[in-house]
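Pasting the structures here.
Presented sequentially are two complexes of subunit A, the first with subunit B as partner and the second with subunit C.
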Partner chain A sequence: MSESLYVQLLYLACGALLLTAVLVLWLRELVVIIRMFALQGAALAALVGVLAAHENSGELWAVAVGVLVLRAGVLPYLLRRTLAGAGEARRETSPLVNVASSLLAAAALTLLAYAVSQPLVALAPSAATQAIPVGVTVVLIGFFVLVTRRRALSQLVGFLLMDNGITAVGFLTTIGVGLVVELGVSLDVLLAVLVLQILTTRMRETFGDTDLDELRELRD
Partner chain B sequence: MSALGVVGGVVQPVLIVAGSPLLVGLMRQVRARLEGRAGAGVAQPWRDLRKLMRKEQITPRGTSEVFRLAPLVLVATTLVVAVVAPFVTTDSALDPAADLFAVVALLALGAVALALAGLDTGTAFGGMGASREMTILALVEPTLLVAIFALSVRVGSTNLGAIVSSTLDDPARVISPVSLLAAVALILVIIAETGRLPVDNPSTHLELTMVHEAMVLEYAGPDLALVELASAMRLSVFLGLLANLFLPWGIAATATPVALLVGILALVVKVGVLGVLLAAGEVFVAKLRLFRVPELLAGSFLLALLAVAASFFLV
Partner chain C sequence: MTVLVPVGMPVLGALTYLVFGWRRATAWISALSTTVVLATAIVLAAAVTRSGPVTALSGLLRADALSAFMLLVIGAVGLISTAATPAYLREEIAAGRATARTATWHSLLVQLFLATMALAVLAANLGVVWIAVEATTIVTAFLVGQRRTRASVEAAWKYVVICSAGIALALLGTIVLNFAAAHAPGAAGLDLAALATHAPELDPGVTRIAIVLLVLGFGTKAGLAPLHAWLPDAHSQAPAPVSALMSGVLLSVAFYAILRVKVISDGALGTGFARTLLAIMALASLLLAASLLIAQRDYKRMLAYSSIEHLGLVAFGAAIGSPLALAAALLHVLGHGLAKAVLFLGAGRVLQVTGTSQINGVRGLMARRPALAATFGLGVLALAGLPPFSLFASELGIVRAGFTAGLGWPTTAALLLVLVIAAALITSTSRMLLGPPPSTPDTTIASPIPIALAGGLLVCAALGVAAGLLPILLDLATDSLVVTR
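Let's turn to the complex of A and B:
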């Protein structure tokens, strides 16, 4: 793969990563949000794939396939199953910050990410590290979703968005942290989603809703 | 001022004035066919304009010069943009005016003139339309500037001709994240700015939904013809800018007759295809609630800003 094609494909994958993160923030339908999350998983896998093709490393290819299966397949499937049990609550109705303001906040977060990742980029300037601000932006947007949304499911998507961002930054800085570490992190995320899925289901069974703002105090 | 620029300065306004009502006719025809109607034919807007032009000049009682001058300002500003911006040729007859900020300011000036005319009539509809138009305009203009600015960062110049020529020299730029994000942002603001669905419905006179039509409700006769022509021209100008900023192929870079002919054909085909796509898309969407419009425009602003940010960190 030629150098310019590599850079172009890498940045295209980064652009897709960024765009899907913005769409998660923008859209209301939970089904569509999950689809966007799956697309982001595919974009992340493409990013790892491009890096693997450039480094010519079999291990990275295996990681790319693993990322694709986990983040574009298994996790969206689990989220969809949670949603199917949710009944009528299919929309993120009233986030704490309204959508227009949260989009503007995301614009500010992008600039913040660019500012804070400059020292990281300056450590080892290369085509891959130039894209670190994109990963940091996805982390910040994910955190913003996690903080401002009310539904348990969209908070879960926010958490996973953060994880996608962290993984992207990891790959862009180190070109792969090793198969074992990546496997450990992935299993961790899978476990977290499984636990939260069960938690959401139990919450709904107990309270009839997944609006986390209703949970103000502990009861016995 | 080069020969190419002068030829472009003559051909472009003629092409846009003659072609824009046909573009509107084509879009209405596509929409009619997709909705299962026969449609009035592609030339119908021209027939409407001819009919309106023959009527007597009439203005409502109590209106001032602002009302009478607004259609002229609207047409004049759009015409200047049609002369200077790179539609058929990369060179411009008035190079300093082919600047990103000048073109956006000219287009905004026309919209503001029309909004003032809407206020000048003193009717409820005029005021309501003007207020809505200004709300949308205030959100659209920054996005428009920032989206095109993202493209100009790599060129190092805000001259539209320079942006188009540099994309011609380096075609790989078209599929970079910067271009894609800016393209999406620009499409959204063009839809809002030209008053198409889902922001405004161009074919309705229902008072609760209309924006542009509410402002021009008091116009009649030749004035109405000018307003209609100007809004058709604005649509063609915006679609032409969109086409040439992101897909500049075919635009004439030399002053030979063959290159010019190819340039004209390319512009007609590109704008025609964009118009058909826009009309076909409109069949499938409903109008957005007015209070949801800022959300759409905030989203497009964010995309434009991301495009600018990406043009700085993904170099």
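Let's turn to the complex of A and C:
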């Protein structure tokens, strides 16, 4: 693969990553939000695929397939299954921050991410590390979704966005953390989502709904 | 091979519960397994003080003096908690709040919980430490939500969401640190010992980002402000033996990760950076705990906020960073673990006896249940930092070190907040213990309070009287944490 094609494909994948994150912020229908999340998983897998082709590494290709299966397949499937039991509660009714302000916040978070990531880019300037701020932006947007959304499922998506962003940063630094750590991290994330899925079901059993405004039993 | 036992033994215990379930014959397996962990911790402590760090599994696990000390804490607090568990579960089953099935799951998950904590303090690689700490969240999620009431499911949800998001920051920090390490001459990877040695070669700009993320992330799990919101809910809703473990050891295991990170930070950025960061988080935690303890109405939440206070103090000790401060902070971890475990188990018993977790609902406990009331009262005195308990010695050590290190103002502020908190704790507790008993009859619980509670208090007091009980181990553990630059 020629250098310019590599750079273009890499930035295309990063652009898709960022766009899907912003769309999650913009959309209200939970079904569509889950679809966006699956698309982001695919974009992340594409990113790893581009890196694999560039470095001609069979191991990275295998990781790309793993990312595709987990983040565009298994996790969205789990989210859809959680939603299927939800009945009425299919829309993010009233987030704490309205959509227009959320998008403005996303712009501010992007600027913040670029400002904060400067030392990371400066340490080893390359096409891949130039894109690290995109990964950091996705982390910040995920955190924003987590704190401003009320539906349990939206919060779950926020957590997973953070995780996608962190994974993207991990690959863009182009330095592996070792097989044991990588497998352990993936397993932990999968288990955390499973636990949260079971808890959403239990919340529905005890509260009848999963609007987190109902979580008012515990306060000082 | 001894390094494998603290992780392997609880896993075996978990398998036993999986196969045989919770019954009369298996009820004490849990306590047996923690006894083995404690014994191994003592053996390991002796080994590392004699001949230096021990490794296993081709360098994946590594026990130095600090790991051995943390294992002692896990073993000791674990033993108190698991020894009191059979009586607790029997009462819950008798009262119809649990079934044998719940008891099986409880025991199984507690064993896995102990295994993950042991793994966290023994892992040689920062990535594995992260995996183990996140795994503790996963295995304890259902323990927090065990009672399946509205409040406990809510607490479990908050716990998992906030802790997973917080710890995700630590993962980002780990990745960034790995990036910095790969571009340093020493090429240390994520091995903790190698990172500490090669810290001066790390790029300061990148390392600074990594340290902030790691301290915030692991700080979430250690219950330090600003990401502490899960703690009072989770600790007050979890069953008593689990609260004892979460408050007594889990918080300090997460703080152990911060201590390891601090060594790297001190080497790469000088001692000032981590000191400022930790001192701010410590004082914020103390202030928060003080403001919410003054008018606290729920005694389990009172204990939970007191955990935020004590972890804040430990963080303050780490921020000071002198050998005396670090040794005192470590002693404080052990003393707080013992006292808090006894108190949470005592609180669980008070809840079983009175049926309410409101401070106002408990009156004249001294007249109704003298032994329970005495245990609870002495535990609170220990928490408030009164002699002869070891928390007195460690708090004194931290304060002295603070003044010596030239941190006069922050230390004075911390000391004042600690005094306010101690007054609030003692006032609330005296309202529970003293006064005439109410006319309504108690639920009938005949079994005596577990001997483990008295044992925990005794050890805590003994540590305080003979504060030099663990000098060599503490010195060595402190050595690995002090960076002179």
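Going forward, the second predicted complex is superposed on the first by the 211 of 220 C-alpha atoms of A that agree within 3 Å, B and C clash if a C-alpha of one lies under 4 Å from a C-alpha of the other, contacts with A are read in each partner's own complex, and residues count from 1 in each chain.
Note that contacts are C-beta pairs under 8 Å (C-beta built on N, C-alpha and C of every residue); 3 or more make two chains touch, one makes a residue touch a chain.
The shown structure was predicted, so the numbers you read here are calculated from the model rather than taken from an experiment.
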Side-by-side fit of subunit B and subunit C on subunit A, or clash: fit
Dominant contact partner of subunit A by residue count, subunit C or subunit B: C
Which of subunit B and subunit C A:L120 touches, first, second, both or neither: second
Touching partner for A:V74 - first (subunit B), second (subunit C), both, neither: neither
Contacts of A:L18 with subunit B and subunit C, given as first, second, both or neither: first
A:A131 touches, of subunit B and subunit C: first, second, both or neither? first
Which of subunit B and subunit C A:L104 touches, first, second, both or neither: first
Touching partner for A:Q8 - first (subunit B), second (subunit C), both, neither: first
Subunit B versus subunit C as contact partner of A:G184, first or second or both or neither: second
Least C-alpha distance (whole Å) that remains between subunit C and subunit B when both complexes are overlaid: 18
Subunit A positions touched by subunit B in one structure and by subunit C in the second: none
Contacting residues of subunit B [partner subunit A, same complex]: 172, 175-177, 180-181, 184, 294-295, 298-299, 301-303, 305-306, 309-310, 312-315
Contact set on subunit A toward subunit B in their complex: 4, 8, 11-12, 14-16, 18-19, 22, 26, 98-101, 103-104, 106-107, 110-111, 114, 121, 130-131, 133-134
List of subunit A residues in touch with subunit C within their complex: 116-120, 122-124, 139, 143, 146, 152, 155-156, 158-159, 162-163, 166, 169-170, 173, 175, 177-178, 180-181, 184-185, 187-188, 191-192, 195-196, 198-200, 202-203, 206-207, 215, 217-218, 220
Residues on subunit C engaged by subunit A in the complex (per definition of touch): 60, 125, 127-128, 130-131, 134-135, 137-138, 141-142, 145, 148-151, 153-158, 160-161, 164-165, 168, 171-172, 174-176, 178-180, 182-183, 189-190, 203, 205-206, 208-209, 232-233, 236-237, 292, 296, 301
